[in-house]
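I'd like to ask you about the structure that follows.
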Amino acid sequence: MASWLPTLKTDTPEEGYDLAVKLARVAVKLTQPDADVRDRLRPEYAQDSNALIAASQVVATHFATVAAANGYWQNKP
Amino acid sequence: MASWLPTLKTDTPEEGYDLAVKLARVAVKLTQPDADVRDRLRPEYAQDSNALIAASQVVATHFATVAAANGYWQNKP
Amino acid sequence: MASWLPTLKTDTPEEGYDLAVKLARVAVKLTQPDADVRDRLRPEYAQDSNALIAASQVVATHFATVAAANGYWQNKP
Amino acid sequence: MASWLPTLKTDTPEEGYDLAVKLARVAVKLTQPDADVRDRLRPEYAQDSNALIAASQVVATHFATVAAANGYWQNKP
Amino acid sequence: MASWLPTLKTDTPEEGYDLAVKLARVAVKLTQPDADVRDRLRPEYAQDSNALIAASQVVATHFATVAAANGYWQNKP
Amino acid sequence: MASWLPTLKTDTPEEGYDLAVKLARVAVKLTQPDADVRDRLRPEYAQDSNALIAASQVVATHFATVAAANGYWQNKP
């Protein structure tokens, strides 16, 4: 089976951000593996400011890691 | 389509801060893609101290990344 | 007795992520050593968006450490 | 118009700390631009332990950035 | 009197983790020096998912510091 | 007037930890300058597990900065 995380390298900062979002979501899946439960929770927290901000915080933490792993994409044009 | 995040480089610390704010907001948009819902939530959390502080925390985390990516703007006059 | 944490080195980013999840859970076990209590708490927080996001935040913090310890798996194919 | 953030450099750690406080507050202003609302919120959260601690957390995150930008003021007497 | 924190160096990652737990707990003791009060609070938060996760977050932050201080135990067998 | 923060350098890790505690508290004082209010809040949050853990989190963030500023006290005996 292919790895869901073969590398932290991405071509662009935007793809790095998308990877950070993915990294944030996988931990939720590992804690709550039942997709039905997650689907039920989603509309609720997607309308809860505090949950949205907290989710953004997790993305920020992962983005710091992904950006460092990519040398902040310094050599990109 | 142009990338919303072509680079982490900015000319000045202030622009780096603005980028951090943008990075914080995009994660919210990705979790709650419906602009109407976000518009409805905004006045509520913009009057909630805890939400304002939590949002500021996300900006702080992203600003650390952007500042590192820019070498802390050491070579700026 | 074998150590539960002999090294921070992992072969792949995905295994590094799994280690981050483990690092997050061990602290919970140390604070609440009673497995029965933890088992009782699990279904509750696994259905609580805020708890799921907070757990994901802990994983993100540990993943940053594990990724740095592995040089971001730069030399992996 | 002069920038509110021309540099992350400060002469002393104490000035660096003050800059961290400023960095924390600007994000609040950007999310809630209405000074009247902010003035209304202030007495409330200034008497709320959790809000005070959360605000201190934001300052801590920014102080880490400012301190790194200043090389931890190693060359100061 | 011997210092409770003579060094951040540990022989193994596992001991580093234990030190991170200790570092997290000392701050609680400094804020609430009364052992009786802490003993009273413990059973309560040890059954509160959110508190357990928040405590794990503090450990994660300290573990990052301890791991960096030990060069991520790179030279260990 | 002497600075409350002349340097981030400390002789030992323990003193570095004490400095982190100080750094955490100063932000609270800057947000709530009234000592009487702070004295009134203290017994309340000192008996609140979540507040104690959150305060410990702030200390952890500052300790990371202080430890880095001191090169993790590597050259100490």
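As written, the chain order gives the labels A, B, C, D, E and F, with residue 1 at the start of each chain.
One rule holds for everything that comes next: contacts are C-beta pairs under 8 Å (C-beta built on N, C-alpha and C of every residue); 3 or more make two chains touch, one makes a residue touch a chain.
What you see is a predicted model, and the numbers here were worked out from it, not measured in a lab.
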The chains touching both chain C and chain D are none
Per the touch definition, the chains contacting both chain B and chain F are D
Min route length, chain touch network, chain D to chain F, equals 1
Superposing the Cα trace of chain B on that of its twin chain C calls for a rotation in degrees, to the nearest 5, of 120
Interface of copies chain A and chain B: same or different residues on the two sides (over or under half shared)? different
Chain centres from averaged Cα atoms put chain A and chain E apart, in whole Å, by 27
Per the C-alpha means, the centres of chain E and chain F lie apart by a whole-Å value of 16
Touching two or more other chains in chain A are residues 45, 50, 54-55, 57, 61, 64, 68
Among line, ring, star, complete and other, the chain contact graph is ring
Ring order from chain B through chain D is B, D, F, E, C, A
Chain F residues touching chain E in their complex are 12-14, 17, 21, 45-47, 49-50, 52-57, 59-61, 63-64, 67-68, 72-74, 76
So, in the complex, the side of chain E touching chain F is made of residues 3-8, 23-28, 30-32, 37, 41, 44-45, 48, 50-51, 54-55, 57-58, 61-62, 64-65, 68-69
